[in-house]
Every structure is written in C-alpha cells, then in structure tokens.
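The following blocks contain the structures, represented as structure tokens.
Here come two complexes built around chain A, the first alongside chain B, the second alongside chain C.
For the complex of A and B:
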C-alpha cells in the first residue's frame, strides 16, 4: 500500500463522519503543509545528517540521506576550537541588544502612541524612513564612528550598532501594539495615581507581552545571525561572535564541511529553543475581560 | 470622611479645531453632593467629566477641586477616583490586586497588612469577598462593575467620578445597582459627579442634575425643579419617561386670564396674563407631559384615538386632532381601553402646562402653585 492511498483511505473515513467537503479540505491542507515543510526543512535536515557523517563520507556520491556510521567528531572539533567562548559572546551581545531595543523601543513607542507633542508626525515618518536604509550601506560610516569612539572590536560596540539598526523597527512594532490597547485602562491607572512612566511599567508593558515577545524575537534573530556587521567591527578572538566563527571553517586550505555544518546546527539550537519557550506568548487575548464592550 | 470636596468650573471651554465641545461652563458642586451630568451624546457631559479628571486639557477657564486650582494638573495629582463605562479593570491583575492598585500607586504606600484590611473591607461592602483571587475575565459583568466601584472606594478621594457606570448592565441589574449606588453615596457622604444619558437614572440618583446640550449647560437644578420647571423645550423633552407633547399655541385674551388656543381646543391656563415673561407677542408652543392630562369621553371630542400602547401599569393613548397634530396621553388601563377611531376630549392640568417661545424654545411661563414666572 502506498502512502498516498493510506491518506486517501483515511480521508474517506473522515468524510463519513465529517460534513461533506471537510475531508478533502483536510487532505489539501496536509499536502500543502507537507510541501512547505519539506521545502523549508530539507536543507537543515540535510545539514544535520551530513554533520553526523565522517569527513570522508560527506561528499560521497551517490549521496545518502542518513549517515551510515554516525559520529560526533565534528561537534567535538567545534567545541575544541573554543566554540563556547564565541557562543557566550553571541549570547551576551544578542541579549544586551534585545534588552536595549525593547527598553528604548517601549519608551519611544509609548510616547508616539499616546502623547500628543510637537513633531510627533515627523518623528514617526522619520522612524519609518530610517528602516529602509540597508545595513550594508552603513558599514563604512558606522565603522568610522565606532573607531572614533574607541569601540571597535568590543562587544559594547556591536550592541550599540545592533540597537541602532533595530530600534526603528521595534519602535514601530511596539507603537502598533500599544495602539491596540484600550486607552481607558491607562486612564484608570493615571487617575489611580500612576505617573505616565508608572502606567507604562505597571499596566502597559504587562499587557503588551505578545508584542514585546514578537519584537524581542525579531531583534534576537537579527543579532544572533548577524555576520556582516560583526565581521567588519571585530577582529580579535575575544570578541568574535558565533556566526563569524562559523565562517572561519571556510578557511584557506579548503572547506571543512563537517565542522561547518556541526557549528551551524549548534547555532540553530538556541533560537529554536527560545521560539518554543515563548510560543505561547504569541497568543494574545491577555487583555480580555478588562474592558467591557 | 476627609475626602469631601467642592468642585467648581469657571468659564471652562474646550474646543477641537472648529468644533466647540464645551462652551464657557460655570458649574459649582457642593461638598457631598451627587450631581449628574445629563445629556445626549456629544452634548459636552463627558467632556466636562474628562476635564475634571484631567484626561483632557481645558482651553480656557479654571477648574477647582476644593480651593485647589487643578486646571493644569495631571490626573494622578488630582486625588480623584473614577469608574469607567467599560470598567477599565486591569486584566493582568486579580480582583484583589485591582482594588489594591490605587493604594499601591500613591505615596505613602500603606503596609501590606493595612492594604489587605482596606481591600477586604471594601470587598465585603460590595459583596465580592469571594472573588479576590479571580481575574476580571473570569467574573460576570455585574461583578466587574462592583470591582470597578471597589477600586474607586478603596481610597478616600476628594471626588468620585462615574462615567455611565450602569450602561453596560441589563435592565434589572441596573435598577438594583442604582439603589446600591444611592445607598453607597449615603454611607460615604462623598462628592459624586455622575455622567449619564439616562434621564431616569439621573432623576432617581441625584441631588442636582446638570443638563447639557450642544456643548452648553442648559439647566442646573434639583430633579423636581428640572421636571416641573424646564427652562426650555430641550430640557422639557429630555427629562421624563416620555417626550413632552408640544403643540402650537395661540394666546387668547380673556379678561386678564391666560388662555391659549390649540388644535385640541381652548386651554385655560389658570394664571394671569401677566404670567408670560419676555416677548410673548411672538408665536408660542405649549408643552405638556403625557401624565399631566386625562381623557374625557364627554365634551365636544375634537380628537380621535389613533394608537393605544399598554405599558403594564399605564396606558398611552395617541390622539390626532383634525389638523393632524398628535398628543400622547397617559391613562389608567382600568378605566378601559378606548377604541381606535373613538373621539375623545383631553383635559390638561393647568398647573403642569408650560409655555415656550416658539422661535428660541425658551420657557416663558410655567404653571404651579408658587406663581407663574419661570426661573429667573
């Protein structure tokens, strides 16, 4: 029996219990989801499989889907090369960037969302305009800027640059989220004795978890994955981030596919873990019940 | 109670571009008074409340709470409590934390034991003691309403602001909460400013009512004064369970006594002709409430019944005169329900008939024992 006939038969079974058309819709949905998942996941799964093959089997022809003799030698090599230090650098830089962008972004986004002040429209337009500047075009000027400030080849320098690049998007995202909150709740907090800052901290931010999580993940993915800025602004091993370290396996003497793939897989793990951990916060509905109507 | 305070508006105005939301408002609320701001939507009543709360900024004039000029103070420094139309509970906090919030947001913050005691006392008063650990979305609308009230009561604010707090409740619950609010006001003795578009709510709850229309305060007075002596047609129409009937009226001179001719016959107003104030030469309108008339099957029967509505205790009969003008009369259903098309005579109670200037709608003569001239 082929896989497709199994699906067809189970779809037929479902059709008997479900309203007409639902079985077919389920089948189509599974098929479409399957194609998309295969397309998205295949390179990663291929990388995972290859990272577990001995070095001389990675390029073998015809290629094998699964390693014949799985080995962790490449992973051992990666960590032997000091990966933990680079990973720590990445965690520090990404974490600090996320905190800084959310902190400044929440303050700016809240001001734009709720306060009427002179130049507000211009400021919002500027925030959006800045987003359209490609990072690559900023490399040279920001390199000069960073050297002048004495922050070249420091983790702090990277954090400042990442924050500057990502802040407009975060402001825009949080501005949009804050605007969806019912303003009466904030008015109530003000009348109950909160200053605007206390209102933000005690009422707005707790209600904005889904927005904050979305913005945090957006920044985290950028900061964790960034290669081009990090490779430009840092040179020493002490400040090297993980994506830059991975690049070094494409070395002088050829491509070391095994360690390269192993390191890539390692670099994916934390992001996936964070996404899974924060998954439930994507779901909103947190504001339900506070405001009637 | 230390909280009680007066509230004074002096020539306060608020404009949004070319639109005037509130025009030169003068209003004084005594300490401990329950004042309702009544009016249709867009009349300026909510603007007035938001100006007092500090949620919007006045363009002109001065607002005082007690002797303190609060015109440009932010809401958190005005020492108020407010109940919002949609309750505006903090969805991420439990009922206990919601009620404790105003205590924890102001310095000096009382210690945890004190907070617990005060929150529990308020919850006890409102009958929500069993809900302390629940979140707002887990309790019913009536309970949310009580939590919102509790959050306002837990401190001892100078003035309570209530913005249509009952409008989201069903009819029965609304009447019960009305009674509870009245009892609450009696026990707290605090100054309450209450916004509503429901005239019966304003009538039953208030010490005084301020009626707004088109950004202007129309009349400020006790419920009885507003009901008995409306200053203009708008107020006469807005207050009362049914609209006031308005008829074209032509003054008739009958040896010094005031009488008017209407489509429903000649009405002797039982007051001297001099009781009409102002330029009475122009056309007039007669205003009479459905409950200030009775039906009489005798007489010359100038009107025919076109509609009867039985509303439980009362029967509302719509009559049409030969000229097409209509009149709604409240009758007692125990006297029998008149047939459609039947001819009837209406007897108006002269003490409860008002005359208005047809052009401006301003009252020019009221009936009643205490004389005849409208409010000065």
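For the complex of A and C:
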C-alpha cells in the first residue's frame, strides 16, 4: 500500500465517522449562506429576469419570478440606440487609464520603495491622503479647470482625471509589492551597468506581474464603473461612456424598465466575468495591497 | 551617491506629482477662489468675500441636506458595519465554500454604483409589483416605498448596506487574518467560550482595523451622490437630498458656481478632518 492511499483511506474513515450534530451544523451553515447569497444577488437576478420579459409582462401583477416567454427585445433595442458606441468609449477610456496609471504608478512606486531621499515620508502621507479624498467634493471646480484647459467633453480629459484619481492607490499597491522583492537582484543589475530605469523595466516589472494585475484590475473596475465624473465632464454623445448612457436612458426611456434593466445587465456582465477570473487579485487591491487573497 | 542619483527619485516621481498638482490641488485652489466670488454661468462677476458661505450655511435647503446626510450616514454606517463584521466573522474560515461566498457578497460592490441603485430602484418601485406582493398581506398593498420620506430614507440606507457591507467585510477580514491563530487555540484549550474569545481576543486586536473601516465608510457615506441621485432623486421633496447631491445641483443645474464651490469646500473640510484621522492612524500603526 502506498503512502498516499493510506492517507486517502484514513481521510475517508474520518469522514464516515463524523460526530453526531455535524450534519445539522452543515445544514445550518448552508442555510445561512443561502440567505446571504439571496440578499446579495436577488436585485441583480430580479433585474435580469425582468429584462428578459416582453414589455407588456414586465409590470404584471402579481409578478412572476421567471419570464414565461423570454425575449431579447430590450437588448436589441439598447444596442439599436447606440450602446456599442458608448461601450467602445468606456473600453477606450478604461484601457488608456489602466496603461497611464500603471506606467506613472510604477515609476513613482519604485522611487518610494527603493530610494532614500528627503521628503519621502511626506510624499507617502500625501499619497495616502489623496487616495482617501473622495472626488465628489472637487467636481465643481474640476469642471471649471477642465473647461479652461479645453479638455471638457473629451475622452482625454476623462483619462487624465481617472489617472489622477487612481494613481495614488496604484502607487501605494506597487510600492508595497516592490518592497517584497529581494533587492539583491536589482543591485546585481545595477552593478552590471543598468540605469535605475532599465532595472525597473528589465528586472523589477517582470517580477511584479501579480502586483501589476491587482492594480490594473482595481483601476479597470473604477474606470468602467465611474458615472459621477463622466456625467459632469462630458456632454456629447460622441464622448459618452456606458454608465452615463444608462443614466440618460433613465430619462429617455422614462418608465420603460425593459431597456433600462437590459442596459444595466450589459454593464454588469464584463465586470463579473473579469472578477470571477481574477478574484484573488481584487481582494488585495481593496485593502491597499496590505493583504493578499 | 552620484549627483544624478540624488535627483533620480524626483525624476521618477515627476509625472505623478505634476498630475496630482494640476488635477487635485488645482481644482481645490480654483474652488477656494470661486467660493469667494459671485459666479453666474461660469463668469466671475464680483468679489463677495464670505457671502457665499453665509448664504449656503443659512439656506434652509442646504441645512436640510446636511441633516439628511447626517441621518443617512449614521444609519448606513451602523448597519453596513454590523453586517460587514458579521459577514467577516462568518466567512473567516478557509475553504472553498467560504471563498465562494466572499466572492458572491462582493458582487454588489463590484458592479457600478449607478447600476446597483438602478436595480434596487426596480426592486422598490411600485410598478415592479414586488413591494405590493410583500406588503399586500400586511394591509399595505398600495404603499409606495420611494414616495414616502421615511421609507425612502430606509431604502437609501438599505442601498448602502447592500453595496458596502462587502467593503467592510474585506477590511475586517484583513484584520482577522492578522490575528495569530495560536491565541484562539490557546484560549480554547483553557476553556474560553466563543463569546469570551471574541470579547477578549478578537475585539481588542481588531481595534485599529475597526476604526479604519468606520472612518473609510464614513468618508464614503458623507460624500454619497450616486445612491440618492438614482434611487430616490433626492425625493420625495428633498427628504433624501444629501449635501453632495445639493452641491451637484447648485453647480450643474442652477449654475450658481460660487455657492456650489463654497458648499464643496465645506464638504471638503469635513473630508480633511476624516482623512486626518486616517493619516494619524497610518503614522502610528502603518496600517491603512
């Protein structure tokens, strides 16, 4: 008998010999989990179900939980009203923001992680402070500034703002990640004649993929989801991002919930997909890089 | 160190510093400048000193919005924190079930606030039929949740709890994970009950993460805009018009930018005080 089969057997014996009461405890555990999951997911599933009902059945009373004759008519309508253009804007703006924050964030994070200079402590504190200040209280003067700079109602303006808002968090996360790397490799590269910039590019960044993914994910979710900044800083359809479009649908479709809910579901799908794929990375982002997984 | 090396960190930091100085510090200075002037439709008319501040701090609408923000923040803070803490304790253990459940709880937090509030609006809206179905047997079949000041506020607080308890959970989970498991084991050997271990080990060691979570939630709630804008529209009347929603409307609907900036700076001052607490904690404990 091999060692592994011994372990397997004893594990099986343990499972079959569960002490009494454990079964009931498991039952309670999954009942509580069921309640939690319902609480978290019901509004989304209810929206999904309603979005699949024909227009004349959405407000049926008493409401049915599941659509009797599912239809994609509301989705067709949303895409017929230009949703793809808005989605493209969202993708462009989010993508550019991710690239800009990672680039600038890596430079700044590396400076804070590996150089000892006067003012370093102050900069760290400032990073934390800017990271914590919500954008909402600065919306009105930011609009004024962007107008003066001719960047209002442009995608570039949005990218610059998003980058400014998310850069501190990215700096913080990458700083934390760089500090976990062994400094000896970098020293070796420096002795071989690499400049600090070349060391960062050729040695540090390739070793930092998990940290970069976590930061990218964090920024991506922010940029894809942002509504408050985009709705104040853009006005034309050409620059409209998807969340803003959903907000305008609210006025446009009025009480027609079908297209509204369909658009909402369309906005959720990519985020949930990315989230399921990269969940672990996101958790570390939420706590500012302090905790992994 | 060579001279070039001395400047290296500043060269690496330059893009970030320039960006933050123009797009975060810049608006702040513009805001201060505008708040001291009479501004109509983006044209500065006249220097008015503190008049804008006087005006907004005596305006019944603004005072109402401050009260609304206070009530909302308090309700949302307590409920979100309690639910988040319960979730953290419940889902602390390792294993596939708990990990999957954590992901499920995070979904409302991951999706756009706008979309979340829209979906909840549909749950609460009278025409969706859900409220009629649930409240009907209680004899309140034609109650419209979002049309009554009290229940509209409750819906707003529910929105906060539904979305943000996941955030509280993650923050507190991080704290729980940093407690050495040996402590609980030792206490258990000594016969301490679960409640005893929670009171004497978990709570004291979680003090800093708890304060940080509370402050970060509070900052978020004081600045709330999307929930009331989408879910209740600030209504009925102005029963759920929070201070940032009021500021948003003063600036982008009424175009009285002087007053809007003055109000923005009042909110900003409150933020600064809260961020100050975070910084103090960060300095003392190195935690965020």
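In the analysis below, the second predicted complex is superposed on the first by the 234 of 293 C-alpha atoms of A that agree within 3 Å, B and C clash if a C-alpha of one lies under 4 Å from a C-alpha of the other, contacts with A are read in each partner's own complex, and residues count from 1 in each chain.
Note that in this section contacts are C-beta pairs under 8 Å (C-beta built on N, C-alpha and C of every residue); 3 or more make two chains touch, one makes a residue touch a chain.
The structure displayed is predicted, hence computed values, not measured ones.
Chemist: Which partner does A:21 reach: the first (chain B), the second (chain C), both, or neither?
Modeler: neither
Chemist: Residues of chain A touched by chain B versus by chain C: which partner has the larger set?
Modeler: C
Chemist: Touch check for A:150: first (chain B), second (chain C), both, or neither?
Modeler: So A:150 meets neither chain B nor chain C here.
Chemist: A:80 contacts which: chain B (first), chain C (second), both, neither?
Modeler: Touch status of A:80: no partner.
Chemist: State whether A:142 touches chain B only (first), chain C only (second), both chains, or neither.
Modeler: Touch status of A:142: second partner only.
Chemist: Classify the contacts of A:254 with the two partner chains as first (chain B alone), second (chain C alone), both, or neither.
Modeler: A:254: touches no partner chain.
Chemist: So, does A:232 touch the first partner chain B, the second partner chain C, both, or neither?
Modeler: Only chain C; A:232 stays clear of chain B.
Chemist: Considering only the contact definition stated at the top, list the common interface residues of chain A for chain B and chain C.
Modeler: In the superposed arrangement, which is not itself an observed complex, chain A uses residues 286-288, 290-291 for both chain B and chain C.
Chemist: For chain A, which residues count as touching chain C in their complex?
Modeler: Against chain C, chain A makes touches at 29, 32-33, 36-37, 39-44, 46-47, 50, 59-63, 103-105, 107-108, 110-112, 115, 117, 120, 123, 125-126, 128-130, 132-134, 136-145, 147, 160-161, 163-165, 167-168, 171-172, 196-197, 221, 224-228, 232, 243, 246-247, 250, 255, 257, 260-261, 264, 267-268, 271-272, 275-276, 279, 282-283, 286-288, 290-291.
Chemist: Mind pulling up the chain A residues that touch chain B in the complex?
Modeler: 182, 184-185, 187-195, 198, 202-203, 206-207, 286-293
Chemist: Please name which positions on chain B make contact with chain A in the complex.
Modeler: 53-55, 74-76, 78, 80-82, 84-92, 101-102, 105-106, 135-138, 141, 144, 151, 161, 168
Chemist: Quick check on the complex: what are the chain C residues that touch chain A?
Modeler: Result: residues 5-6, 8-10, 12-13, 15-16, 19-20, 22-24, 26-28, 30-31, 34, 42, 87, 90, 97, 101-108, 110-116, 118-120, 122-123, 125, 127-130, 132-133, 162, 166-167, 170-171, 173-174, 177-178, 216, 219-220, 223, 225-226, 230, 244, 247-248, 251-252, 257, 260-261, 264-265, 267-268, 271-272, 274-275, 278-279, 282-283, 287-288 of chain C touch chain A.
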